[in-house]
Amino acid sequence: FAAEKKRFKLAWSIYVGWMPWGWASDQGIVKKWADKYNIEIEVVQFNDYIESINQYTVGAFDAVTATNMDTLAIPSAGGVDTTALIVGDFSNGNDAIILKNKTSLADIKGQPVNLVELSVSHYLLVRGLETIGLNERDVQVINTSDADMVAAYSTSDVTALVTWNPLVAEILAIPGANKVFDSSDIPGEIIDLTVVNSKTLTDNPAFGKALAGAWYETMQIMSSDSAAGKAARAAMGEASGTDLQGYENQLDATKMFFAAKDGVALATSSELPKTMDMVRGFLFEHGLLGDGAATADVVGIAFPDGQILGDKANVKFRFDTKYMQLAAEQKL
Amino acid sequence: MSTVSIKNVWKEYAGQVILEQLNLEVPEQSFVSIVGPSGCGKSTFLRMLLSQEKPSRGEILIDGQPLAEEPSAERGVVFQRYSVFPHLTVAQNAALGIEFERAPWLGKLFGQKKRQALEEAEHFLEAVGLVEARDKYPSALSGGMQQRLAIAQALIKKPQILLLDEPFGALDPGIRADMHELMLNLWQESKMTIFLVTHDLREAFLLGTRLITFDRLRQNAEEVGYYGATITYDVPLQASDPIKQQAEVFEAISGLAGPNIDSSKPSRRDDPVVNVTVVN
Amino acid sequence: MRRIINRKPDRHLSLFLALLPFMLLLVAYVVSSEIRLAENPGDKLLPGLEKFSAAIDRLAFQADKRTGNYLLWSDTLASLRRLAGGVLASTVIGALCGVSIGLIPLVRAGLSPLVAVVSMTPPLAILPILFIVFGLGELSKVVLIIIGIAPFLIRDVALRVQELPSEQLIKAQTLGANSWQLALRVVLPQIWPRLIDSVRLSLGPAWLFLIAAEAVASQSGLGYRIFLLRRYLAMDSILPYVAWITLMAYLFDYALRRMQIKLFPWFANERGH
Amino acid sequence: MRRIINRKPDRHLSLFLALLPFMLLLVAYVVSSEIRLAENPGDKLLPGLEKFSAAIDRLAFQADKRTGNYLLWSDTLASLRRLAGGVLASTVIGALCGVSIGLIPLVRAGLSPLVAVVSMTPPLAILPILFIVFGLGELSKVVLIIIGIAPFLIRDVALRVQELPSEQLIKAQTLGANSWQLALRVVLPQIWPRLIDSVRLSLGPAWLFLIAAEAVASQSGLGYRIFLLRRYLAMDSILPYVAWITLMAYLFDYALRRMQIKLFPWFANERGH
Amino acid sequence: MSTVSIKNVWKEYAGQVILEQLNLEVPEQSFVSIVGPSGCGKSTFLRMLLSQEKPSRGEILIDGQPLAEEPSAERGVVFQRYSVFPHLTVAQNAALGIEFERAPWLGKLFGQKKRQALEEAEHFLEAVGLVEARDKYPSALSGGMQQRLAIAQALIKKPQILLLDEPFGALDPGIRADMHELMLNLWQESKMTIFLVTHDLREAFLLGTRLITFDRLRQNAEEVGYYGATITYDVPLQASDPIKQQAEVFEAISGLAGPNIDSSKPSRRDDPVVNVTVVN
């Protein structure tokens, strides 16, 4: 049954690729689009990324910003049917493996590696190790909170770590820190999404349209070289605790899909199912698909072309290009 | 205006018998003086009358009814250790009982009513000589002043039964005499039943209509703890008797008033009080 | 030669002694900072003192470009509002529940195990549930402070109530007090000054919980700012924020102490000062 | 009708009253869980009770695939070691500094502002500096607990020392005690049972800081596990962990209470029980 | 074995004059009895002698030297309120002074030495009749027992100056007589100087070699606080005098021993102590 809603809530957290939500909300762009579709959208900023996903998962929010991996691991594995509404960007260097006073990834063997366990950093590490024929058992993973990563690096206990921006930039500024592997070596695998509860979306297409409209209007402004674009980027930088320069550095390591059609392209590419297969393999191995999971197939992932990875009867993660497509065609 | 019956009451602490076989019938309007060696259980006896402690055996009846299971306004008390309320000034301490009665909800009076309560309290403060210290907190009072405050506090409620545990111990003779007068007047006026524990035999005789003594009958070091104290003398007194006519009783009792005495040596002490009396 | 317990410093010596450890800390900081900066002039961990003044100037006296607010003040205002709410509510709860638990055996039997258990539950571990129940707004932040410190206050007050001499309660009963009057006139007034001590002791944890709450979801507040700056290891801004929080907390502590002496003169005397 | 303050529940009623609120909480949980599960059978926030038993079985009685450890036990062991270190060290510090501050005016003048300031400093905000000084290993976790609870213990002990009747100190001096003997024979022995109360009150915060420390950098421990589990909202495992922490904390609390009564019989009597 | 000189000592609390113009020369080996109305400042006077409080004006000399600025083992004290250590048993309380002396570092003796200290303490416990309560904590003692313990505790140190603040108030006549004996023996033996505050005039006469009374000379309600108490009588006593020979002094003093008396009405009280003496 279609339960029409009027009020919706979006949770976003502070990260380079999601800062536009905060700005769009501040600038009234979200409200403009919500008004257009005669709904209300509340945009809530989280400082704690995981908590924002958790709150989405337990139903406090209708939409949230998350990576492809965390979407699969938390809401989807938690039984919340979730649709990737907007494919915003993929990490293209934003996540990196850093060694202290060593220059080659192979040197990581046998070292303790500080990272946020079970996060995309962890995934990056595993993928990095694969490229040189190593495996997770060849290093010693130490869970370290992201907020303390920079400080942790300053101690002699830490010789290797994996983390994301802006922490990467801060650490690389310290003499002796060397980036030995980053997400540009596995392009398109760490994808930043804005995801929506599938049921809410089906019942209320207006919500999806308003979000997509607001997002791509914002993209257009921030990608322009005009004063307005620059001001937008400066504001986003400041909201994330840095300045224009710092924010643009982060953008440089991010493959933003300013144009809706680029997002559509990634979502429909043949690489995406392969990526998702690797991601779910990683999650399965680390017990993140639910401890009852016998295989990585428990959660079904649907792609725009109708292809389904995993359990067809239990599709909980859908890539849907419909709204991006509408945006690309200026039909919103 | 209450009779008190104590029926075969025993009290033990941690397996040690403190009091045993207490039997006592106290008619209404009695003024019972209690004397006995230090540590024999006089305060314990009062605590039982107050329902602060329960007898280990036996029962206490008031007007034929079992004692209420908790302290109540019918039974007032002045404790051996000063127990006034440290957070209230002298005047507030004195008026507290009135406030409890007249302000059932807040326990506090305001405006006209408050002034009236304070006035009534003032009357008692005057009687115990504390008017000038009206606004002091107990921490700024001398020991004797605190004790007098506790007395005023208890008297103001005019309880039916009043339990006094060495209330005048910290007072100088002058004030003490004032207190005696006050006490006797109130007693005659309100016809309450009073139990007074004191170490001053003279006081006991002067005030009481009846004198009872607590002591251990059997006593030797090995058996301590097996036998408690009990009532050894129970003497009716006539308030009008001149004290010196009671010299005989005095003598008999004074021989008992120490803890380590065995009854074979009735009086090896030269207590000045006794001496003076005996020479009369 | 007097015993050391009887030697009381005069005003000047007191002041000197009080400042001494802070001076030492400052010197230790400056020295460590110099050493680190000599090795790496860009070191962010222990910035030089001049960096602090720049950061303080920026945060406190220049309007933020994005929002037009003076960050330090708007953050302070936001945090203080939450803190005041949480601490006041906790104090009221602490007084009410603490006195009930300390005074009424039936309530003690029923609530004291619950309070003990709640006081042992790490609130940060059940954050998701708290947020679901109380939402993500101001309420949840206040509630986190309450959950964090109210159990302590309750238990402390209950302990203090039980420490009142039993003679006092007996005495009040012989003066005709019912339970309610006794709580109101005998117990509560004696608990107030002790409650102030307890609140003083819980101010530190209250800030802790406030900062934790602000680090999860909020757009202003001292905790939020620290969280944001931490990722850049901007110690030149973080440390002034920490110092500011500490200063305020210390002033509250001081104010409470003065208040205790002013409002409850009998208490200071009882204590023997 | 007796006053409510005089009505003491018997053993059975006590037990019933103590369990009642927990029963109510359990019922509230089960009902809320049912409601949520009816909407989304995969709901992770309030899993059904059977999920808990499965999770407990997995965590406590089956070796972890990756490490071969029984997670609950290895985590508990790691955490308890840190907790014990931190609490014991804090207790010793609390007793020593608290007694010195409470007893010696010169020390009070010098240290009590410092302790007040430290107790107000949010430790989590200055973690980076702690790391530099104490490294990232076990030591820093123990130190975080100490920084978290020792100032409270010190201040509480100092307050308690100052509450001792001044007559006692005078009396001891007339008996020829020097300051050291006085501290050793008069003050400290009277502080122990009160210190137990203070430690009981600080157990909750101690766990809190332990969990926070383990969330920063570690490979084992209850706090580590909770944060890891939080990454995929595995409340079916988190809640048993929280319950387990609470249970242990409660047992410590209980043990301390028993110990106080056993070791310091005079204290319970003084208090009037 | 010390002389005490008090030179023009004043004491004020919060602007209120409590004591004024105290002048006193006490030769060594004196036994000074102090009496005076409740709240007049007797305890305050002892507190100054103990260095617990400082005079607001004037000075106190001991053997010609200014009083030490802090309490010391030369000056023992028994406080008006029982002040024994709640965490020590009776025996431990009594032995504490010995332990402080012989164990400078730990304040605690062990083994043989400990047994010896406890034995010495036992001697004093016997003298005050507390041997059987040896292992009890103060909370399980009666008021009088605590007071006796405090006495034993102070006596065991054989101080040069002993300050006693109503030490026998909570004791029954029998025990009190024992205490008197004990006190006099010790005083004769160790030749200390004793100050005894008491409300029992008889006791004051019996024990003292000198009796001083404190009282306010000028007294009317409006002026309270402006004038303090001072020494109004200073009478040498001979221990050997039969008490009744001192009747005159008695009479004079008894007229003063109340707080609200103006000197024009010397004796309106019927204090039993006085009465009995006068009839002799």
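Note that the chains are named A, B, C, D and E in the order they appear, and that numbering of residues resets to 1 at the start of each chain.
One rule holds in what follows: a residue touches a chain if its C-beta (ideal position, glycine included) is under 8 Å from a C-beta of that chain, and two chains touch if they have at least 3 such contacts.
This one's a predicted model, so the numbers in the text were calculated from it and none came from an experiment.
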Shared chain contacts [subunit A and subunit B, defined touch]:
C, D
Going only through chains that touch each other, how many steps at minimum separate subunit B from subunit D?
1
For subunit A and subunit C, which third chains touch each of them?
D
If I average the CA coordinates per chain, which chain comes out farthest from subunit B?
A
Could you grab the centroid distance between subunit C and subunit D? Build each centroid from C-alpha atoms only and quote it in angstrom.
17
Rounded Å distance between subunit B and subunit E, as computed from the means of their C-alpha atoms
25
If you average the CA atoms of subunit D and of subunit E, how far apart do the two points sit, in angstrom?
48
Going by residue number, subunit D touches two or more other chains at 3, 45, 128, 132, 165-166, 173, 178, 182, 230, 233
Where subunit E touches two or more other chains at once, the residues are 70, 81, 140
Could you say which residues in subunit A touch two or more other chains, in rising order?
54, 58, 148, 150-151, 154
Name the graph shape formed by the protein chains and their touching pairs; answer line, ring, star, complete or other.
other
So which chains end up touching which?
A-C, A-D, B-C, B-D, B-E, C-D, C-E, D-E
Parts of subunit B lying in touch with subunit D, wherever the complex brings them together
69-70
Subunit B partner, complex, touching residues on subunit C are 165-168, 170-178, 180-182, 184-186, 189-190, 264-267, 269-270
Which subunit B residues qualify as touching subunit E in the complex?
13-14, 35-39, 41-43, 80-82, 129, 131-133, 140-145, 148, 166, 169-178, 199-203, 206, 221, 224, 243-244, 254, 256-261, 269-274, 276-277, 279-280
Show which residues of subunit E lie in contact with subunit D when the two form their complex.
50, 52, 70-73, 75-77, 79, 81, 83, 85-88, 96-97, 99-101, 103-108, 137-140, 153-154, 157, 159
Inside the complex, what are the residues of subunit C that reach subunit E?
2-3, 6
